[in-house]
Every structure is written in structure tokens, then in C-alpha cells.
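Read through the structures below before going on.
Okay, so subunit A shows up in both of these, paired with subunit B first and subunit C after.
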Partner chain A sequence: MKSIVSFFKKIRDVNNKSTDRRNKKELISSKLAVNLNRIKEIFVYPKNQDFKIRKISIKSISRVGVILYLNGMVDSKKVEEHIINPLQEEPCNDEKLTNIDLINKVINVSIADEIDTFQEIKKKILDGRTVLLVDGSRKAIYMDTVGFSYRNVEKPTAETVVKGPKESFSESTQVNRSLIRKQLRNEKLITEIMSVGESSPLDISIMYIDDIASPDLVKKIKKRVQDIKADVVQNIAILEQHLEERPYSLVPTVLYTERPDRVAAFLQEGHVVLVDNSPAALVLPVTFWSFFQTAEDMYQRWAYGNFIRLIRLLALLTTLLAPAAYIAMTNFHENLLPTDLLLAITATRENVPFPVIIEVLLMEISFELIREAGIRIPNTIGPTIGIVGALLIGQAAVDANVISPIIVIIIALNGLSSFAIPNTSLNYMIRIMKFIFSFSAYLFGYLGISISLTVTLSYLASIKSFDVPFLSPLSPYYPSSGDTIIRPPVWKQWLRPLNIYPQDKQRKEKVEGDDSND
Partner chain B sequence: MIKESDGKIGIREFVSIIVFSIILKVADMTPNLLFKEGMTATWMMPLIMGGYILLPLLILLSLLNRYKSKGLIELIYSITGKYVGFIISFVLTIISLLGTAVNLRDQVDILNTLFFPKTPIIVLLIIITISCYLIAKRGLEALGRTCWLLLPIIIASFILLVALALGEVNLEYIYPIWGPGLSQLFKSSLLHISIFGELFLMTTFYPFVRDDKKYYRGTFYSLFIIITGMVLSFLLYITVFDYPTIQKVAFPFQSLSLYVSIGYFIANVENLFLLFWFIGAIMRFSIYLYVTAAIFAYTIKIEEFELLLFPISLVIISLALIPENSIVAMRIFREDYILKFTWSIFIFLPVFLWVVDRLKGRADDEIY
Partner chain C sequence: MKFIKLIIFLIIVLFISGCWDRSELERQAYIVAIGLDQGRDKNVEVTYLIANPQGGGGPEVGTAQGEPPSEVITLEVPDIVAGLDLLNATVPREINFGHISTLIISEKFARGEQLIYNLDAAIRERQTGRKTFVIVSKEKASDFIRGNKPLLETRANKFYDFMRIRLKKIGIVGPAKLHYLLKRTESKDELFLAAYATVAKKEGKGKKQGYEDDYLPGEIPKKGGNPTQIIGSAVFKEGKMVGRLTGEETRLALLLRPHYKTASMIFTFPDPISKGYRVTMRLKKHRDSELKLDLSEDDPNIKTTISIVAHILAIVSGNNYTDNLQKQELLKKSIEDSLENKIKDLIDKTQKDFRGEPFLWVLEARKKFTTFSEYRNYNWIGRYPYAKVEVKVEVDLKGFGKQVTPTGHRID
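Right, the complex of A and B next:
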């Protein structure tokens, strides 16, 4: 018994100690050897071969120093040319030079500053910076020498457009931020950096336009980021799940986008954007329309942009309702079908041994299977999936009288429509919901569909993303440019959507013009 | 000024809620009740009823305006006091509860007769009540927003129906224009005034409407939409089906939607109308459920009235099961018990409140 008690006590002590260590700030001493030992302990040197310690004698102050960095995180050429060379070579022989003078006069790196705790040293080295410890100084100097390798800026893969910019985010915060700033040259565009995660912190850049984004909103988002209690947050996709308000809901409340131009457009409306070393950025708060719209709607001319939006709306409804409507009509409401069509359907179903719901489920699940396989399959054997799928679903199943040809039409249409839903999260939501709709149609026909539709709508109407109602500005109504299902011409969009509570409500003065074509 | 969503609803949502709660009566068995009385002049009855309720409604609204941030039930309590207030509020609860149950039964009977002949009534009742419970549980804000989203669709489909039915219209069917005679028309309109009763019950949510100045306007907008919709649909029923054939048509709206078609090829537009009618009906009963729960909660002074939704749903299901069949439900329960009893309440309650308020002294400083 005693041993158990002491065991728990030990655990508690260990826990306390570790939290103590995390919270306590350890100051750097003035003795280089002491500092070095502590740092070696932190980075498990010499076991860890990637951790580099380079001793140098600093000529300008005639003292010894140590350069610390992680191999692979820094640009070693930069370290050599801009830090080691100047430190070793520039003779000044003025012992009174301080660290600040070193930064100002000797080191040729654009970003450098003083730090004074071991925690900061650890963080800076982990972030890819080089740290210089000088003997006899209670402060260390860190220098920006980040040199990760990352992809070049490539074309977006999930959000492609025909007309418009074709850049997407890459795996580097620097690059991502520069891509955004390239699109949005605004002196009020602010980047704040916060770190998330306890054992290996992730730096997140919070970007917003200072005189547009609502201060309450920014505060709320920062608080939410701060409140994340996680050991490791690996990247922005995981962060998205930490940030959202309803983890079990089917409805996404944070937008994950890989297009810098979209991010710039959202920033101008007063949204807040989170960026890190991930090939995407998070936009919050969002509404249903952010998921439904694409960048191209705006780039195409008014008529074309609205045309593709209406097509997409149709696709969304088809994905959700096509199988359900088919089930409802054939099971409950035969009298609502035109007689010829009803006869055609019955004739093809004559030899099929399954009820409609089984048929639909069978086909839907195989289609989802093809879809998932298509993503996971190695590129080299990719084309096979199409052939197998077409054979399996199309010809063979019909010939074997397992399913009726009409169901192939419905599922094919349904599948095609689902590809037209632009956002991945919305896509999953609709695809999962179509099963619920099919099932309710199987139970109660049109009544079932109506019930599911109304309950879904009322749920969508009730939820909020960071205090912004999900279906706003349509319902509840807020003044906006009316950019929801269809959009007005660009020159008429002079008002920011007020559901995001922007500080500055107008993009520009209202244009007095008429709609005539002359 | 733009406010963050604060649990209150705007004027648009408020109007949509009222419209949804009343206008869909043209698609249940209410027309059958009215055509029995109004004959060829039934289409005038909504206008006359509108005239009747105008004065009591104005009185009620001015009282609500005086007692700021109080809903109907709180108003009744603060004017008439603890005991009388409780009795009146309780009567209103009962009216709302019975009204919901009987209207729900109406709806289920139509569904049962036309679309689900093999499904037991209790199953339909339960499934509809569950969905209404789920919707009502999302709260007043969600109800208002959903109604506002759906209102344009419902209005558009109604306009489509009218447009399509125009081909079947025979204007001569509206003669004799005064139907049973003016005096009879005015009398039966008065007796059926509780068709508009939701307008009164809805004042329970007076403090939840964001701008109380707009409450007046909202009420009249919705009254306008409802009366226009009713007049149009009754005109349509009478000119398409003729009197007295209309009395033999059990479900005028559903029959009308079956009647119309877009050309030869698209003969089955009723698909569309049915879907919207179902959706509208579900919204309507969600609103009824919510209002009933709210009135009851205010009556017994409970803050968290969303907890009451579930027990009230159960009560509504059991009440709706009492009538043996749809004729009993409509003719006896709805007409004889509810309509004939409640019209006087909706007329006299506001007047009574006003008089009591007057007697207690208008310049009373206690009122805030």
C-alpha cells in the first residue's frame, strides 16, 4: 500500500517538475561553459548528430563565442558567409563592444536580436535560426538563417480555375505570406505570430487588415488559438480541427483554401486568416457561401460567373437529392411520375432481385469506393481504376441483372454532380448527407425528404462560425453586396458583407450608375 | 446599427414566422370549413376578418408598446395580477395546445388519405412531431432564419401555382358575388376569426423582436401577405372547382396541384408543390410547438422553456390521437370546440386588458 502511495506521489512530483520546467524561465549565465552544458543537455548533444556547435573567436571583441544551429534547418552558406566570416575576420579590437554593436556593426544578417533565456534559445534554434553565445555576456544573439527545403510555388490542385491566378500556397510561411502580400498591397495588413503546441511549438501567422477586421473577432480568434491545449499541432489541417466549434458536426466552420487570391479577397472583407508552413491557409469566420463559391465566379464576367454558380447549385441539389427522389418516387409516389416514364422504370426493374434502397446503396457505396481508391492508388496504375470501375458499375452489373440501368444513370449523374462541389469539406458533408436523405426517402418518401431538408436547413440556420451566422447575410439578413447564390456585377459590390462586422463598411463610395447598356 | 446575433430576431424573420404560421391554412382543411359558410363569397372572408382583428390587434400592440420589453403573457400578468393573469394565460396555453394538436391532426389526416394510406396515423404523428421538436429546439432565431430562407420559395411556388391554374379558371363561378348575403358573411367571418389567432399569440415574442418600432410594420406586412394569399387561393378554389362542388372536394389545395400541368409533357408539377407543402407544414408546426411551449413557460414562469418542448410534444401527440377520424377532428373539434369558443377571446382579451389598464391609471409611475 505504501509503495503505491509513494508511486503516485512520485508521478505527481515528476508531473509538477515537468510543468515547472516548462513554465520557468531560465536565464543565461555569463559563463560560456555553463551555458553550453545546459544547451547540450537540452538538445541531447553529442547523441543528436544534427545539432551543431561551432566555436569561434570573435576578433572584433577578442572574445570566444559559440554558434549553435540545427543542421538541415539553416542555410549553411548563409551561416558561413554572413556570420562566421565577419565575426572572425573583422578586426576592431574594441573590447567595449556589446552584443548590440555586434549586431549593428559586424553581422550581415537582416534579422538579428538579443535573447536572454534558454527557452528562447531552444525555440529559435528549433525554428531554424542560428544562435550566437558570447563568453562573458548574459545575452545571446539569434540570427535569421532559416533554410528549410520546400516545394516551389505550384498550381493549385484542389481549387483549379480556368481564368485567374494559378499560384497556390507552398510549405513555407515566408512564401505563403509573400504570396498573400503580393495580392494585397495594403499597409494595414497585419501579421501577428502566435505559437501553438507545448513540446514542439508551431508558429502560426495570424493575418488581418487592421482597419477592417473587427477587433472583437481578432481577439476571439487569438484567444481560441491560445486556448488550444495540445502537445503537438503538426500543421494547419490539424489546427483547423482544434479551432472549430463543433467537432462532431457534419458542417465545416473553418475554410481551408490553397489559393492566395481567395485569401486576399477574404481579408478585404474583414475575415482573419491563419498561415503556417502548410500548403493552405485557414479562413475564419466563414459562412456557407464561402464553401459554395469559387474564385472563378468573380473572375469570369457577370453572366458567366453566375451561370457557373447556378450550375453548381444544381449540382449540389442533385448530389443531395437525386437518389432520395428516385427512391421516393419508385417506392411511394408512382402516381406522381408520368406514365411512360413509370413504365420504362418498371420494365428495367423487372429482373432486378433487390429493393430500390439496396440497389441505390450498392451503387452509391461502389462509387464512393472507386472515388476513395482513385485517391489512394499509386499514380502509375491510376488509369486502371477507371477501366475497372466502368466495367464493374456499368456493363457487368446491369448485364447480370443485379441492378437496373436507370440506377446507373442516377448514380453517374449523382457522382458527376458531386465533383462539381468546389470545397472538400462541403463535398464530404453533402456526400454523407445524401445517405441520410436516401434513407429518409426510403422510410417516408417525399415527407421524409422534406423533413430531412427542413431539419438540415434549420440546423444550418442556427449554427455560427465565430459568432457569424452560417447562412448570413442571406438569413438572417445583413446588408451586403448580395454575393451569395448569385452575384451582382463587380462595380456594384461596394459594400462589405456586414455579417463579418467589419469596421469599415464600404469598399468604395456607392457608384451611381444605371444598368442600361449604352 | 449592425449587432452581433443576440438571440433576437429581425423584422424579416418575424414576418416570415407569422406568415408561415397562418398562410399554410389554405392548404389544409380550413377552406372546407370556410366554404361551408361563405359559399361563393368565401374569398371575401379573409378581408372581413382582417378588418375585425385590426382594432383588437392595435389595442394589444399599443399596450405592448407601453409596457416595454414584455411579451403577451408577461403583459397579462402585469395588468391583471397574479391570479386572473394565471387564468387568462392558462386559457391561452390550452387554446394554443389544442389548436396545435387539431391542426396537426388535420395535416396528418390529409397525408394519411392522400399519400400514406397504409401507414398508421400514430406513426405519421410521431415522425412529424419529432422533426418539429428537432427544429423548434434550435430556438427562435433558427426558426425565423429558416422561415425567411423558405418564404421566397413558398411564395414563388404559390405564384407558379396561381399562374398555372389560370387556364382552368372560370370567372363566372364567383357569382352570386355576395354568397350567403352580407350579414351572414360578416357573422361567419367573426366566428372564424381565430384562423388569425396566431397573430395574437405571436406577440408573446414581442421582446425578442429587435426593433419594437418595426413590430407594428412587421405585423401589418404579414397581415397583408396572409390576406392576399388567402384571398387569392380562395378565389382560385372557387373559380376552378365552383360552388357547391368545392364542398365535395376534400383537399382543395392538393386537388388543385394535381389539376395543373405545364404543357403535355410536364404533367406532374404537383411533385414540386407537394415538396414545398410538406416543408411549409413542418415549419408551421415547429412554430406552433415553439409558441405553445413559450406561452406555457411564461404562464408558469419558467426561464428555460426549451426544456418544455419535449413534454409538450408528447401532450400534442396524445391530444391529436383523440379524434376518431378526420371528420370528427375537423367538424367537431376544430369547428365546434375551438373556433367557436376562441373567437371571442381574441376579440375581447385586448379590449379587456386595455380597460383594466385604463382603470388602474395610465399615469401610474410603477409602469416601466
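Right, the complex of A and C next:
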């Protein structure tokens, strides 16, 4: 007993110590040599080849200074031209110049400011800034010289559209934020920066429109981000998993999107967006509709947009239910089939040695295999996998009487439908659930399917993403523009979805001729 | 921990749950038609037509060369359902009743007392459907099923399915669902019209001149093809066959039904000008007929008006009924008279021979009563034979085809 108590005590002590160490602020002294030693200690200097220390004599104030930066994180040309050159070249001989004056008068960098603790110095250098220590000063200057390399803005790979913007996020916060601001020129669009992770912190930009997003929601999200207890959060994809409320659930509650235009649309409805150096942004809170809809639904004209939505709904249901319905029909409800179809299916099944469930599982698993292999395979041999897979598993298996041809039709249809589900998270969810549905159909036929469907729908109706019910505004009902399964024409969408609790409920005045939402 | 519990629970469900109803498709034998004959004593002779999924037609993968499309087995058992297990003495698969689309009853058995109780047994079995097409065959049902050799259809069920749909459309056979037979037997006030059929032994021998539809099965002057002839109706009263109607009589009976609608019935009528010739037309009934019932007196008074649209298909006599309005009027009148006379004969037949009506007038009569017992006390079927019936036919000559005037037409 005693030992257990002491064990916990120890753990607590360790915890306290570590938090102490992190929270303690170490101020900069006025002696350059002391400061330099401390910094060398922090960055393990002579060993770490990427850490650069450059001594310079600052002509303008006739003092010695040191420039610190991490190689590869800064744009060295910028450091040379805008920091080192001005500092060394412009004699001014006014010894009373302070750091502020240096910033104001000498350095040619757009962002620069004073800092006074070692923690800040460490953080700034790690973020790709250059820090200037001046002898005799208790403050250091940091200058924005971020210059690490990232991809150009490219086309989205997962959320492609035919009509609409073709930009996607890239691996730079700066670029990502600029892409969003380009789409949404609103003076009330706020960017707040928070850092997550303890040993190597990650800067997250929290963006929202100040007079639309609900303050409670923003507060809650900020708190959730703050509460993340993790040593390292590598990027947005990991952050997503830290943020969600039900980590074991099949249902995603945070939207991961690579499209700046979608993000802008969500911001205008009052959602909050998290951005960092990742090729995607997180949108929260979200509803089922956010996963089901695509950007193109809105870009295409009313009829076309709704047409593709209905097709996708059909695809979603086919993916979920086609194998299950086939199993139920052939195992329990053969009297539901038209006699001709029944005889045709029976005829092809007569030589097949497996029961239907094995046939379906065999093909489903093969298809998932092709799919996974298709993603992991090196690009050069990618196209072959489809041909090999289709030929080998489809035709040959039928010829060998291992499976019946109708199974190939069902699985092919099912696979094709699954590609029409736009969001990767929703896609995985439906694909995993189709196995559950198939199995319940195998056990109880249509009764099993209806039980599974009831359970699924009740579960979806019960979960929430940051206090927003997952199936709202459809159920529970909230006033909105009705943009759920189908959407009204653009001019009728004057009301923001109230399930997100926006401060400003209307996008514009109610238009004449719109008799909905009365 | 909760998760593990859930998984254990699900695994247990797998083992204890019932899938007793499950059976794979290929382990079942699908009976598509059943024949009923009188057996020895109180037994029935049941003929099962079992479809062979691999027999003929279908995709390459699912076809077994040389297998026949169906298997016909006759058993003598106490009732239809009793044979289910006995059938397994020869058939290795589970017997499935769910796809029976046709029920064939021999005329001899249909006229007996036993039929309705046998059908009752079949309906009690949950698999059998009430949509089954009821055919009464002149010969033994087993002979009919064995003698029926459809040449166009390979699959066993298709011939009967297509026949049912097509015959219903053209009206030479009524909508003969098993459901109606049971319903009308229960209500006791209506007659049921089953399809009437035979496998004709002698080809091409017509007993009489029946023109386009006035035949009973076996009477059609026809050569070649499948020997089966399905035309006309077997009339059932209280679950027993009491008489028969020719194809034409069946059509007229259907036309008399107030809500019956049809898109196409080809009729021929005697040419009012040139004796011996006939005019062919397609009759359509788009509207409900008017039906007025007066039940205040002892004998019901029935007045009905049937409006029919006629399209002329052929004028073999060459008379100009298309341009000449006077002739048209003559033709119209003659058609109306001809139809009215035929209908009158039919009504006489139902009143005298069957003592009941297959025209569903009872549904209209029932509306006249406030309570069911009042209606029962009125005894519709008992009064119908004495009813005064007035039938009026209104023909509207509409279509004259693409060729308006007769090609070689005489100038008049």
C-alpha cells in the first residue's frame, strides 16, 4: 500500500517538476557572453551543425551583437540583405540608440519585435526566425525571416471538382492563410495563434469571423486545443484525433478538407477553422451534411448540383446496403425475387461451392485489397494493379466456378459507388459499416438490416460535434437554408444554419419570392 | 474493457442466434405450377412443375447442356401441402412454394365439392401467394401440364406468366387470380371467372364459326404451334365450377364490370350493308360505365350504360364508312345493336344457368345498404336471377387508321 502511494507521489513530483521547468521564465541577462552560453546549451551548439551563430559588430550603435538562426528554417538571403548588411553598413554613431530604434531605423524586415526570455528566443528560432542579441541589452530582437521550403499551391487530390477553384492547401501556414483570405475578404476574419505540444510545439492558427462565429464555440475550441496533453503534435491530421470527442467511434466529428474555398464557405456559416503547416485545414463543428456535400454541389447550377447530390446519396446507400441486400434476398427472402431473376441467379450459383456470405466476403475483401494496394503501390506500376485485379479476380474466378457472375456485378457496383463518397473519413466509415450490415443480413435477413439501420440512425442522431447535433439542422430541426440532402437555389440561401449558433443569423435580408423558413 | 465486453457479446450472438430460415438458393426446388386432379377415394393427384434453373437459356456460365427446363412429378396425396415432404423422395432439394404462379385444376375436380378445401390448405401454407393464376383444364391437369409444349419460352414459368399478362390485356380471359376465387367464394354473392384451357388433341378442327373470339378451348381452327389453347372462362360459384363462357362472353362480362378498363379488344361485326362481310375494329373502354341500381322493389332494377371508343382496323367489304357519315351512323348503330344483343344473351345465361353474376355489380349494390346485415338479408344473389336489366352501349367511332378511305373503294 505504502509503496503504491509513494509511487503515485513520485509520479506527481515528476509531473510538477516538468511543468515547473516549462513554466519558469528565464530572463535574458545584459551580458552577451552569458546569454550566448545559455543559448548554446539549449541548442546543444557545437554538436548541432544546423544552429548558426554569427557575430557582427553593429556599426550604428558601435556595439557587438550576435545573430542566431537555424539553418534551413530561414531564408539566408533575407538575413544577409536585410539584417546583416544594414546593421554593419550604416554608421550613425549615436550610442544612445535602443533596440527599438534599431528595429525602427536600421533593420529592413517587415516583422520584428523585442523579446526578453530564453523560452521565447528558443521558440522564435525554432519557428524559423532570426534572433539578434545585443551586448549590454536585456532584450533580444527577433526578425521574421522564415524561409523553409514547401510545395507550391497545387490542385486538390482528394476533393477534385470540374467547376470551381482548383487550389488546395500547401505545407505552409502562411500560404494556407493567404489562400483563405483570398477567398474571404472580411475585416472581421480573425486569426489567433495557439501552440500545441510540449517538447516541440506546433503553432495552430485558429480562424473565425468575429461577428458570426458563436463566442462560446470559439472559447470551447480554444480550450480543447489548450487541453491537449501531448508531447508532440506533428500536424493537423494528428491534431484532428486529439480534438475529436469519440476516438473509438466510426463516425468522424471533425472535417479535414484540402480546399480553401470550402473553408471560406464554412467560415461564413460561423464554423471555426484550424490551419497549420499541413496540406489541409480542420473545420469544426461539423454535421453529417458537411461530409456528404462537396464544393461542386454549390458551384453547379441548382438542378445539376442537386442531381449529383442525389446520385451520391444513391452511391452511399448502395455502398452500405448492396451486398447486405443481396445476402438477405438470396438467403432468406427468395420469394421476393421475380421468378426469372431467381432462376437466373440460382443457375449461376449451382456450380459454386460456397454459400453466398463467403462469396460476398471473398470479393469484398479482394476489392478492399485492390484498393489498398492501389494507394500504396509506386506510381509507375499503379495502372497495372487495376487491370490485374479486375481480370484475375473477376473473370478468372467466375470461370473457375469459385464465385457467381452476379457477385462480380454487385461488388463492382458497390466498389464504384464507394468511390463516389466524397470524404475520406465518411468513405471509411461506410466501407467498414457495410461489413456489419452484410453480417447482420446473413444472420437475420432484412430484419437484421433494418435493426442495423435503426441502430446506426439512432447513433448518428445521438452524437454531437462540439455541441452541434450530427444530423442537424434536419434532425433535430433548426432553421436553416435547407442545404442538407438537396439544396435550394443560391438566392434563397439567406439564412445561416442556426445549429451552429451564429451571432448573425442572416447572410442578407430575406429575399422576395422565398416563402420557405416562414 | 467495455469494448472487449461488446465484442464477446457480439460473438455470443453469432453462435446463439437463429438463422434457421436461411437456405441457399441452389438448395431449393422451385415449383412454378401445380395441377390438381381427383385421386382415388378422397385423395388428390397433385402434379408439380418444378423449374430447372440450369435448363436451357440463360447465361453460358449457368447453363447445363442437355438438361430439360423443368421436371414434372405427379403424386397422389390427401391434399396439396401433404405432398411437400413426399416429393423429397425423388427431388433432392428443399421444396419452395413461393414461386407458384399458376394453378391448374381439371374440370372434373373443379366441379366437385373438394376443391375449395384443398385451396384453403394451400393458402394456409405461408409461402403460397394469392396472385396465382387459376386455369381450369378440360382434361386431367397432369395431362395438361405434360401436354403443354411452349415453343417460344424455354423456362417453365414464363409461358404461364406471359399468358396471364397478355390474356388479361386482351380480355379473352379474366383476371383469374386465386385471391379473387377465395374472396368471391367467401362472399357467396359473386361469380369467379377462371381461365379455361385445353391441350387440343386434334389440330385445325373448328366445331363452329366463332369469328375472332367466340370459342371455347379446343374449338379454335388452328394449325401448328403449341397445342395449348387458353380462351374463355370457367365460371365458379361458391367454390365450384358451374359453367363456362366463351372468349367473347368473357370479354362482354368484363366490359360490363363498372370499373374495368381496356386498351385493346379486337372485335368483328357483321357489315350492315354487304351481307356476309365483317368489319374489324379495336374497342377501347377508357371510362367507368354508368351503373344505376334500384333495389326498392322485390326484383332489382339494373340500368347500365357502357361507353366504348372504336377504331376501325379493316373493312373487307370496301364500303366507305370513313367519309360517308350516313354509312358511319349505320355502322355505329349496327355495332351498338350487335353488342347489346350479345350482352342480353349473356345476361340471360347468367340469370338462368348460373343464377349469379360475374359483373361485380354486387359491389355497387352493397353501397346501397347501411349495415352488413341489411345487405345480407337482402340476398343479392337470390334476387339477381329475377332482376330487370337494361344495358345500353354507346359507341364512339374515333380512329380510322392511317389509310382513311378504302383503297379500291367504290364511288358512291
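Observations on the structure shown:
In the analysis below, the second predicted complex is superposed on the first by the 494 of 518 C-alpha atoms of A that agree within 3 Å, B and C clash if a C-alpha of one lies under 4 Å from a C-alpha of the other, contacts with A are read in each partner's own complex, and residues count from 1 in each chain.
To be clear about the criterion, a contact is a pair of C-beta atoms (placed from the backbone, for glycine too) under 8 Å apart; a residue touches a chain by one contact, two chains touch by 3 or more.
Computed from a predicted model, the values in this text were never measured in an experiment.
Once the two complexes are laid over each other on the shared chain, residue contacts for A:K219 go to neither subunit B nor subunit C.
In the superposition on chain A, A:R246 contacts neither subunit B nor subunit C. Of the two partner chains placed by the overlay, subunit B and subunit C both lie in contact with A:F332.
Contacts of A:K55 after superposition on the shared chain: neither subunit B nor subunit C is touched. Residue contacts after overlaying the shared chain place A:K163 against neither subunit B nor subunit C. With both structures placed on the common chain, the touch criterion links A:T454 to subunit B but leaves subunit C unconnected. By the touch criterion stated above, A:V398 is placed in contact with subunit C alone, subunit B being left untouched. In the superposition on chain A, A:S475 makes contact with subunit B only, while subunit C stays out of contact range.
In the superposition on chain A, A:G445 contacts both subunit B and subunit C.
On subunit A, the surface patch touched by subunit B in one complex and by subunit C in the other comprises residues 332, 444-445.
Listed in rising order, the residues of subunit B touching subunit A in the complex are 2, 4-5, 9-10, 12-13, 111, 115-116, 124, 127-128, 131, 134-135, 138-139, 141-146, 148-150, 265, 267-268, 270-271, 274-275, 278-279, 282-283, 286. Chain contact summary for the complex, subunit A toward subunit C: residues 248, 330-332, 334-335, 339-340, 342-352, 355-356, 398-399, 401, 404-405, 442-445.
Contact residues of subunit C toward subunit A in the complex are 3, 13-14, 17, 19, 21-26, 28, 30, 32, 51, 53-54, 58-59, 61-64, 96, 98-99, 101, 127, 129, 155, 157-158, 161.
Subunit A contributes residues 332-333, 336-338, 444-447, 449-451, 453-455, 457-459, 461-462, 464, 467, 469, 471, 474-479, 498, 501 to its touches with subunit B in the complex.
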